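Dropping the structures in below, format is structure tokens.
The following pair of complexes shares a single chain, chain A, combined with chain B in the former and chain C in the latter.
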Partner chain A sequence: MAATATGPFGFAPAIAVFPLVAFVITLVFGRHLPKKGALPGILATAGSLVVSVVMFAAVAGGGEHHTTLYEWTSGAATSETMVEGIEFTFGILIDPLSALMLVIVSLVALLVHVFSLGYMNAEGETGLRRYYAELGLFTFSMLAFVFADNLLMAFMFFELVGLCSYLLIGFWFRTESAPSAAKKAFLVTRFGDYFFLIGVVAIAATFGTVGFAGEESFVTAAETAIDDGTTLFGFDAETWVTITGLLVLGGVLGKSAQFPFHTWLPDAMEGPTTVSALIHAATMVAAGVYLVARMFGYYALSPTALAIIAFVGGFTALFAATMAVVKDDIKQVLAYSTISQYGYMMLGLGVGGYVAGVFHLMNHAFFKALLFLGAGAVIILMHHEQDMWEMGGLKDKAPVTYYTFLAGALALAGIVPFSGFWSKDEVLFDALAVGLEQPVILAAYAMGLLAVFFTGFYTFRMVFLTFHGEPRSAAAEDPHSVGWAVKVPLLALGTLATVAGFANLAPVAELLHADITFLEFWLDGKYGAVEGLTYHAYHETVAFEEGVIGSETTTMLLSAGLSLGLALAGAFTAHTLYNVPEPSRHTTKLGGAYRVLKSNYYQDEYQVWLAEGLTLPLARAADRFDQTVIDGVVNGTSTISLFGSDRVKRIQTGIVTNYAALLVGGFIGLLLVLGYLGGWFA
Partner chain B sequence: MAVLELPDWMALAPALILAGTALVLFLIDSIEPHSTNRTLLSGTAVAGSLSSLAVAVWFTVAGVGATGIENYGVIDIMNGQFVVDQLALYFMIIIAVVTALVTVASYDYLQDHTYQAEYYSLVVLAATGMSMMAASNSLVTIFIALELTSLPSYALVAILKDNRGSVEAGLKYFLIGALSSAIFVYGVSLVYGATGSLQLTRIATVLESGDGAVGEMGGLLGLGILMLIGGVAFKTASVPFHFWAPEAYEGAPAPISAFLSSASKAAGFVLAFRVFTTAFPLEATTGIIGVDWTLVFAILAIVTMTLGNFAAATQENVKRMLAYSSIGHAGYVLIGLAALSADGGDLVMGAAMMHLLVYGFMNTGAFLFVGLAEYWGVGRTFEDYNGLAERAPFACGAMAVFMFSLAGVPPFSGFWSKYLLYTELINAAADNTVLLVLAAALVINSALSLYYYSRLVKALWIEEPLLDRDRLAQPTGLYAAVIAAAVMTVVLLPAFGPVADAALEAAAAVVA
Partner chain C sequence: MMIEALIAVALVGALVTFVAPNRIAGKLAFAISLVPAALSLWLFAAFDGSGNALLDGELAFESQTAWLEIGDHSVSWFVGLDGISLPLVVLTTILCTLAIVSSWTPIDERESQFYGLILFIEASLIGVFSALDFFLWFVFWEAVLIPMYLLIGIWGGPRRKYAAIKFFVYTNVASLVMFGSFIALVFGLGDSVTSFALPEIATAMRNGGLDGLFGLGGPALASVVFVGMFLGFAVKVPIVPFHTWLPDAHVEAPTPASVLLAGVLLKMGTYALLRFNFTMFPDQVETYAIPIAAIAVISVIYGAMLALAQTDLKRIVAYSSVSSMGYVILGLVAYTTFGVGGATFQMVSHGLISGLMFMAVGVIYNATHTRMVTDMSGMADRMPIAVGILIAGAFGYMGLPLMSGFYGEFTIFFGTFGSELLEYSPLFTSLAMFGIVIVAGYLLFALQRTVFGPYRLETDYEVGRAPVHDIASMGVLLGLIILLGVAPDLIFDMITDAIEPIIGGGL
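For the complex of A and B:
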């Protein structure tokens, strides 16, 4: 099938192609370009944004787009469900979810490119050509991942995204810590991707297709298999769907830094702050959750898988939030907040709250990009100091940075009416509704709710330490100035972080009975959608019962009030402790818990032990086996062969009578064998 | 094309052209005895072999032997004594190609040689015999063609009269050859005794109908068949009739070694393919002699490839290593006959024929490179070849291609033919343990062969030379032949589609 789309969708490939072209141009000519390649990147991402918006508008106009661009191989194997042949293709799927994500990714990428002018170019960094080339490749990979129409293509670009993060985290490769952090990010996520790959193979082998959408998709095939009660590889269909879904989830947990694969993400702060913004808001980390949303129909078939997603999400949300409480580095706080916030998204998706999860993904993209870029601005102001105890009092000296950062912080903490409140509330409400019927989900909900308090606390601890009080160092006394390239992205994202929540004012709609839950309509295919990939369809598939306390409205208000109250309580606690002219650390109050938190629950230690204490001896043993047994067999074979060769060679004596004798002897031998078999002598 | 208007006997043109060329060479020799006009003599021989090649290709393309309305079908000549079909033409092509390469290379090799005209006429006469052998369809014509091939070969091996090795090798070759011929001709008489016929199709008819007393002469017929196999084994240098090969190849001038190990071997195989597919239909013959004759070929294949490769592994002399490798390859091709009893056996045979064609280029090229080394006078052992690549990178590059192709390393043609042979064999071996054993032997031997082939490449390219060499000459003819063979070894791969089709069609036509 060729790409025969007419109208705006014909331009869809351009979204990914623009950054790819920018990558090539920057790589080849970057040295000679003004700004070392920033301009091609900015133009390309701006182009991607424009086309993405066109796609968005086209979907809003009732369109959708699903086409195969290129079939790179096909096979004739018959799958477990008796589908004959399988095709591996590159294709494009543009539906409400991917259109929305395309806009988010290209917008954040554009703003990060612009911000880089102020953060990298103006600061006189070297290696900018490499930086912008990798940024372009990164954007390309993520955009192509987003519009992938099948699991294998998604996997390939998922891996490319991982590679680009590796390159960018290790951008300052001459330092000691950056390459180590890059390697860690690469290895930890690769560990998860290993399961993902097995999952892809399992799904392909089971259903004979890896497509996301349509009648030919593995989602539809899995649904049919469950309905028909088919047995797949010795399991009943639902169990098998759970197993394969969880395998794919391995990749998701790695990329989205969910427990226990979260350890790479705080270290990844070694990369440039702009890269952190991109990784956390729109690309690498977002890729994991996006994949769950992309194949939500599949997970929806398995309540077990959903419950695991929800529980891991809730746990990670709380777990990471507690660690963020004791961090001193401004980027570290943000790193743990990212882990925590993606936990919320997983919680939302896990309880069947597809809209809530995607909503939080969108809002988080904006406010986390904002916070990271804001932190980048703070780092510029502070002459590359990142320790919050060296800051203070920046509020008056950098008002643009302060107010935009504050908007992001309010959104992160979930204070009404900033965007984070609406989406986090929706996640928690959905979790509560399901939790009232499912104890496991209720536990996940409780953890998520508790995390709200910690979120409010660490967010405002960060704000107060950075911007309030008296300056605590010379750098804070006399901050460096920031240019327009820093301010414009901050203002744009600040606005979005403030208002993005209005896309889906579910509680307000409930109260006023107004049809203003636009995102829900959007994802439900009110405008345009691919058959089967709608919130409605998912909601029918998810097998969870939902309960209410009193009525739905009271439940909703209760949930919203509870989370808002906890967020405010957290913020207030931070206010009393740290919003003073000379704040102290207050770490002794935590007692023994402080050390546990500061050491990140010893997660790194046990993972290092896994590598050094377990894997290394195992590898050594395997090596020894290889050296002795395998090599011994190989060497033995060659020794025997050479010895045999030496013997065989001696048959050729050089004496022709011997030859004649051997020849006749051999012939008679053959004659005897054959005569015996043929019974000639009888 | 106007083949139809030609008389039937013209279908033998590829062989007749070669015969004519030999006569022209004799004529030149009688006008000017002891002529050393290398250009004229070599040129005539090359022209003759190339015309033979051109006509054979033309016939194939025009559709001689192929069925269908536009084609000419199989052409019988002299009451079925000769037959020209796809199989015959395919082998005539192989033989003509090798002859052309060898005669081009001989131009330089025979510099300052006494018996120029004799040399070329003997080569072309032997080629005539091989070409006739491809078309022979009766045990009489086969025997005559066989002797027409063998007798000039004995003389050619011994043509370096002052060289002790050459003369000794010639004598040994002749003695073993005489013994083998005797066995073969005795086999012919036994088969005639059992069936009352010499023409191959008629033998088959007799066996299938069970006319006369043939049913009671199973043992006699079986012994006859076994003796025929002996004759074939001699020509193809298969165990245990291989003893002449290492010494003859080592002692003979290198172009003659190339000629014998490629063209002569191919002729031996066409003989085997022809006789055993036409004259002894499996079921009928098995019914009479009580045993499946493919079993003999399976045993011969395993023993031959194993012995050839194992003996090659530790040779110090390059030419001798190539001689044993050539025995090993005979073992591979024998698989084509061993698999005939299974379903899909015709495909295996087609793959074996394809391997012979590829082998015609890579093995000839390898021996010609040795000829080049002899021309330079660098010595005969692996050590003497050390570091040659520094002085002659092109020729050594070509040699590396030959070695890797012989070992069956991708992407060279030798890999594809061996790969096809292997896969078809595995397909055919679905319920046949003997063939599975054959496949295993093929794999093990191929792996072993990589060892000694790469040893030579290592010597050429990696090792340091033992002593400093002066610049090496670049003889045009030898170089041209070596490079041409190398190019064909590489590009036969893109052309593999048509070549593969030709081989498979030819095999299917004779098996059916």
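For the complex of A and C:
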């Protein structure tokens, strides 16, 4: 561990420090800077990207890095496992997982900063300094979250990205809707973080450590406790691991917008589209899933927790995909698709498919950032119109936007050979393999599989309505133009969305018996890794049986064929319905289901009711109780002594000199009495 | 003699300010208050104490002079600081200076008296936190009440008389209960003690020197005294159901008085609980742990629910203090290093954050002349920097990491979760922690309605930016909040050093 602390890894803190510096510079001097602070942000994220790539290369060269930077606090405490004393620190853990994530986050952040030049600066927007400062603070927090080496540090930066999300969703604070959406986003995720914080506290109090890696980690401590049959807080060790794991999962479900905490994400589209791309698609929402991957060794100890993760993931994938089908706003479609796609990642991780989950996380970051930035470009083209029914025919007028968007759409729908196909297929294959032995997982798999059809459908409905057919409004007839700052990020992400899947061609490798599953090797520590944090180590811990239909090869091909077939079927349905010159709504065919879908299964209604229909009246009732009963007793007591106070009132002359005289006189009097008692005058 | 100097400067400063012309009183008081602020920072830097002041610790800046004899007991001028009291003294001097600055705009009558009273409060508060003789301590304890009563009663809002009398009578009755209980304790200790010096009494208590009184045996007397003192201090904290004086006092008090009331005066209650109940009665703490934890949780949740129902910004912040102080009680009763240490840290942290919140609300009030959430919206449009600081303060209140509030709450939660003294501690901790959701609810709701949205405020004048001196003083507080959030060990180390003797070497 110590041997690799020198060399390139010494620069690791700079990854987060660059954006922090950009934040401070922009905050203080932004008004006087050209482009209102865009340049420090671009330079900082570029710097972070360079250092991240260096870290990536160093890991590829067999290195890893785990070091403590700063001791936040320490003290005496006795944990359940009899560890004396505890230290809470800030440290850096760079292993294959975090190195990969650092590159993804800093790359997307850089591209979004560049895109902002075309999206925000060009529009005569006020408040750009605030925008770039908050973006810098976000990038700092997110990168620090990614390389955090312990759960508490991760929680802290998890909260800070939540703050930035709040601020950026509410960027257009002069409207009514943006501040409301920002509040909702923070509150819903805070509700999840409540459980997360209990989880952190519980883990710290149980094991006396919050470290992710090494002998001193809570994962190792939990393994030992389970092996020794220790009783923790009155539970057997495995049950306690399940409980604490599920508590932490509360934060994951909140941030990654999983059912039932998904309701904030569609509202978060009130923020600028660049923010949606960076925070509410590619990075912050990924933080939840990343956290599960980061502490996968812990979840691997609890089959119950894993099964719950898988089931919630599968359910959310389907649930959100069905809602995306009826949305008219292009960003809303993407928002629901984001929720759905994170469901897939959860499904993958929940069945023990660590590689599959991380693979989809990576691919999704690229293609969803691409789609959101593409939607941003469309919004520029359309003079700030977001309703897809007002669009149409943009294909020929904006070819760069169209083709890059199409690449993203193909990846999202999961059409071979675009990136999304490979990772989604791997998730589904892993789920099927476990599902053949576990009915609960099979149900989760079935939901994930069905969601593929809906994904294909809503994705291409969006593409056809936006780009195909005849223009349906004046804005679509005569679109605005977009500049290089918009096109360059689109092209970069379009390329990645197309080819990123080649990082792990599992079915091809199976067929050809070729060693081309590079991502699996990467996460398995074939190049460099921290001991214990490898795919193999996790896979051995996960207690799931896996089944096959025929042989492993046929199962894999069957699974791939099924998901590809469903995706194509969905896309084809969209083609027949919407790829016509004058598409019309087909929602009446859905009947009552349409209303349910359009109302998002009334999820918002009941959550708003919880807040405004239940909690607020309860608070008001408490207030009335407080005013009448509790304060009534207090005032009642004083009425009894009213006579006395009536006399005392006379000294309230309102003349301060009198009060001052009383004050000083009283003080002296007290001294005299005490002095007399003390025998001064004897 | 450093502490005496600190008190003397503030006291003499108060007298000088009393007789100074109104015109210069504000600036004069500010200049004077810089001396104790600087001195206390010097004390902080030069602090060389260790251990607990009451339990054989090495006192810093100790000074003891015989004063008088009452019966068999001697009373002395006895002051000194340990790791618990020093941070509170620094908090006091800094907040007093900033409170003076925040008075410049709103206070426009009888200035010399106003600023004189603030300096008088400062002297008394320093005395409360540094006195180690019960009589001396009690004199300072009572001396705080009078100027605060006057600040509310003279410079307050429309119902100032009611609020001031309620504050004064309520806390004074509580003091009486506490005083009586303590005297009973001293008599009960009989020959074990020969003075009112708190270290002597604490040591005697922990050595089991309590004999009994009025036919009560030692343990029974200890329980009676413990409960009596707890009730006495509970009003000051305040703990539900003794909290109703607080919102009234806050709403009527002028901004600087609110800053001091929430920032320091409430801490007198928790400080005294820690010094008396939780230091002298370890057995009773264990006996009453569950009921105390229960009212702590109720204070947190009920206080937060009350805050949720308010539409007056000041009432919101006032009720949220009830909620935050509930965390302190929970941490104390956990009786672990992190629990009690976190509670002490939270006293300082809450002093800074609630001070900042009251200042920010005051700045908005100065500009708008209303505090009602329903009266305004979109203030961020007109006062961007002040609102930015208000938002930062609100997130500090919500326990945003890297700000001091998070550290205080996290250490309390962590220290309580694994407490061995408190049964069902995970359950109590989890329940109390739900406060972090409700606090986000009411603060974000208030922010959404007042500072965001389209600008709306019915005035016949143009609302401009906040004055620089207000921004600067809020900036100082925000800086301290972030500093303590990033580097909590600046004070946490000395706090735990003073805590560990109380709980017996550290659980």
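In this text, the second predicted complex is superposed on the first by the 612 of 682 C-alpha atoms of A that agree within 3 Å, B and C clash if a C-alpha of one lies under 4 Å from a C-alpha of the other, contacts with A are read in each partner's own complex, and residues count from 1 in each chain.
Criterion: a contact is a pair of C-beta atoms (placed from the backbone, for glycine too) under 8 Å apart; a residue touches a chain by one contact, two chains touch by 3 or more.
Computed from a prediction, not measured in an experiment: that's the story for all the values here.
Once chain A of one complex is fitted onto chain A of the other, the partner contacts of A:Phe235 are absent, as it touches neither chain B nor chain C. Contacts of A:Trp609 after superposition: neither chain B nor chain C is touched.
Contacts of A:Ala77 after superposition on the shared chain: chain C is touched, whereas chain B is not.
By the touch criterion defined above, A:Phe29 lies against neither chain B nor chain C after alignment on the C-alpha atoms of chain A. Once the two structures are superposed, chain B and chain C can be ranked by residues of chain A touched, with C on top.
638, 645, 652, 654, 656, 659-660, 663, 666-667, 670, 674-675, 677-680 are the residues of chain A that lie in the contact sets of both chain B and chain C, per the superposition on chain A. Interface residues of chain C facing chain A in the complex, by the touch rule stated above, are 18, 67-70, 75, 110, 113, 116, 120, 135, 139, 143, 146-147, 150, 153-154, 161, 165-166, 169-170, 241, 244-245, 302, 305-306, 308-310, 336-338, 341, 378, 380-381, 395, 398, 400-402, 406-407, 410-411, 413-415, 417-418, 420, 426, 429-430, 433-434, 436-438, 440-441, 444-445, 447-448, 451-455, 488-489, 492, 496, 500, 505-507.
Against chain A, in their complex, chain B makes its touches with residues 171-172, 175-176, 179-180, 183, 218-219, 222-223, 226, 230, 239-241, 243-244, 246-247, 289-291, 295-296, 299, 307, 310-315, 448, 451. Taken in their complex, chain A has these residues touching chain B: 638, 641-642, 644-646, 648-649, 651-652, 654, 656, 659-660, 662-667, 670-671, 673-675, 677-681.
Across the interface of their complex, chain C is touched by residues 71-80, 152, 155-157, 159-160, 163, 166, 170, 173-176, 178-180, 182-183, 186-187, 190-191, 193-194, 197-198, 201-202, 204-206, 233, 611, 615-616, 618-620, 622-623, 626, 630-631, 634, 638, 645, 652, 654, 656, 659-660, 663, 666-667, 670, 674-675, 677-680 of chain A.
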